[in-house]
């Protein structure tokens, strides 16, 4: 029998996964990420009928990292025709670590999907070509979706990521050598790292991504952000490619479209019902939040909310 | 507005995709497959509340080929503990063609998932170890699920596949060299090709796979075939890995768990609602039925039946 | 100043490299190889002007393993036109471990060169097609070249290798799937393992391979074994591909065409001057004799006998 | 019977290979290279006993391109201890195209050898770290070796190469991400392209590289350029890795250490005897001069000058 959603249920789930916060590995490839306390743990839910639930450190902001790849894609889908996007980036799982160059070389600089680094960089290159101030535009959209006018980039983190960006630069230059990257590499990388360094808390993330559970409709955007069709497509992409190379495992265990970031955040969608945001900085080997995934697994089971 | 399901709706969908039957490529790696007429086109649906719909060549049998990989897995899940299965085969998309050896070598003989050839061969090896007559057992189960006591293997096709089995033999021997294949290669290959050469029509396929839409419950099996939990897991696997390397594209377009075979059949599941079987022998580049995929895409859109 | 070649010089070189015999790793993938004492150490030289030198365990036989790949190739060069051979196997370094399937799959079943396992198996497949009793023929030729009528195969080792032949079977089946392997896999594998299990000592090996230093001429074969042109070609192949993936390192250190076997033997050629055989069972990471390579390096330096 | 070396012999060899000049493909990845006339054909030889021979367009300058990789390595060997160099770059054939990233990623940013692009870029990075004006220093050394004080860089070509340097930038950034590239990428790339754009003719090239046939001794450098040991090592490297992925084929056909450039030049060494330079802009699939390789093959055969 599926349980009723309450703040207390969320809190009890957090208690059950809390021991896992000690087992994950906090991302440490830049100092600014390594210093986030591993014991942080939060969850928030927004429903399409307007309810909000939360527990733990749901009000504390962290950098959303790769979760921003969904937002970049949404922005690009508003600026380009479908075929313009999907001739430059694929829709299929990569089967490779998120930052691999192997596949990219074999496949002539076309990334497998927009949620691996190469794909996200192509999407950012597209934003660069059509927006005069892409970084500012991203901020406006996210503030509106999250209902949080004070959201901002953590420029310290953004700069630190840029200082460790050799591999992403290699990826961008490789795509450029195949003609699939049109702007100068450096400014696009800088914007990309700013999107990654956007600071949000679980409550804001759940609100922000509610449109994916609601056929593209967003509270503060009367016309909707994207179409119902595009919403389904993004959810499909998240199921098959949202969790790096363990997307299959995540679908198996949780059964929801999801997208993770190395900051420890995950957003997950129950189409037509709700958006969920969890946060716990300790990561598993694939780079997904260890306790966060476990919390989503319990939630799915107890509420009977798998899409399968 | 979602349309109501009727035989006439199915027939009209077939007419819309019929031009595509001329564009696909009928599998021709063995003569017995190459001679199937490309213009065949059929569809059938079974719903969890007991309705059945069909159109076109839905009553004509064809070899189910890789669709049998789902059935092998279901059998193995009844014979082994979960951990026994998943330590020998993964749950994640491979990102590679279905019969590639590259990944298998790098990953020490553990296939990425049970729906690529390597994974299915490991599952067949498991069946071989625990069943005295695996080929007979498979037939009994499928006859019961499909409610068709006269189902049989096309031994001509099975033998022909075996005569062209060098690559699958290479895959099996490679896994054996890593200790992940326990029985003699030849008899397991022979069984594998028999499962692939099982002949069913769309009506029988839809009935057979209804349990995946019905939490594991099957009409003629009072205790259910597998648990609701296992059912969700298989559906998840089909979404992320069921359509070879274009699983992402299929999720994007159709939005249902599905599994295809090079005979031109596809089964697709709307959890809690229905199972769908389509058949059209012409394949796209990834080896999935071209017209069949298009029919499912239209069906999903017109009935509003994406899982996303 | 180059030193004069004497038994005493060879003995002194062995003493200098003897400590290395304790550092290598004796091949242990089959029991029959694992039990060879690691402290064995021998060397022998035959010169084109008829002198013979030796030191250490030069009279003790061991299985020549991959050194036999040179002999298979020589036999094939006598049975086939040049183009028949080189359209089925390449002449370039593989850059991969000796038994890798990766490259073979990408390059459609054509092995890079005849000294990796895949290439040697193709050559053995060619012998199988043209010789009624290839195993007997190989033995006759080698007995004649070595002047040792009692040479024989260690059938215990051959059988043990066959019992661990899954990876080689995978390689052969993969080439068969590309049409580059024509006979049944099992009998070719059995012959291949017999060639590998040929037992020879350093003195016999040096005599046997003297033809490579002597433009193809062999003492007991008045017409010569192969042409001067073919001799140069084989020496070239040994320099670029004879020592698995550390052929470049070997050329750098020793500067002679060479071929090694996992039994710990190496033959090396100084064109127009001499053939050298060394034996020490402990291997380095690439599978080449550790002390054997070091002995050749010292020999090359002290006698000024690099080809460069 | 080996023929005597004369200008007439060289001229006759050129005539025999001249038809091949129409079959190769002139490098066209930058405009400045694409406009070199395909029918150019020249050869020059310098011997250790002071003779010089030449034929055809031996006096016309062209950009030496990858031949400069040997010179960079020689410079680095004068500035660093052996172990400092070879811990950052390997000595083995890559088995991959000259500009591949695949292997570099798998092998943690350590290039296989100094003659693929990645390896040459690491060597240039080393020069950058130890020389205040590396570009000027290279020019001085080459002018001295070639006895041609007016040698210079074709800055138009160097700039054009830099404008098409995305893939080399990707390679450098990838190595940087592994910690195997220490300086800023852009200035090192610029120097690298200048070395490639050094203009020399066959006569100058043969003189310049005579030290490799002469144990490191050079006419205008009383102390020798490098040691006899280092000379042997470089010749060994050229045999196993000097001709991109067809080094094995080149050793098989020509049997000399050699290094080619996409400008159509090749230098080849007969140790202790002579250095040879050929030029013909049309390239084979691996990027080596088609007619140039054929000329060297004939020369080796007619003079009996293979090292094997």
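Letters are used for the chains, namely A, B, C and D, taken in the order the chains are written, and counting of residues starts over at 1 for each.
By our rule, contacts are C-beta pairs under 8 Å (C-beta built on N, C-alpha and C of every residue); 3 or more make two chains touch, one makes a residue touch a chain.
For each chain, UniProt lists the protein as follows: A, B, C, D = Glutaminase.
Not measured: the values here are computed from a predicted model.
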item	value
Minimum number of chain-to-chain contact steps, chain A to chain D	1
Greatest separation from chain C - chain, by CA centre	A
Chain C against chain B, contact positions shared by both copies (same if over half, else different)	same
Rounded Å distance between chain C and chain D, as computed from the means of their C-alpha atoms	32
Interchain centroid distance [CA atoms averaged], chain B/chain C, Å	48
Where chain A and chain C are represented by their mean Cα positions, the distance between them in whole Å	55
Residue list for chain A, restricted to those that touch at least two other chains	none
Touching pairs among all chains present in the structure	A-B, A-D, B-C, C-D
Touching residues on chain B, where the partner in the complex is chain C	100-102, 105-106, 166-167, 169-174, 176-177, 185
Residue ranges of chain D touching chain C (in the complex, touch as defined)	90-96, 103, 112-113, 231-233, 235-237, 239-241, 245-249, 251-252, 255, 257, 271, 306-308
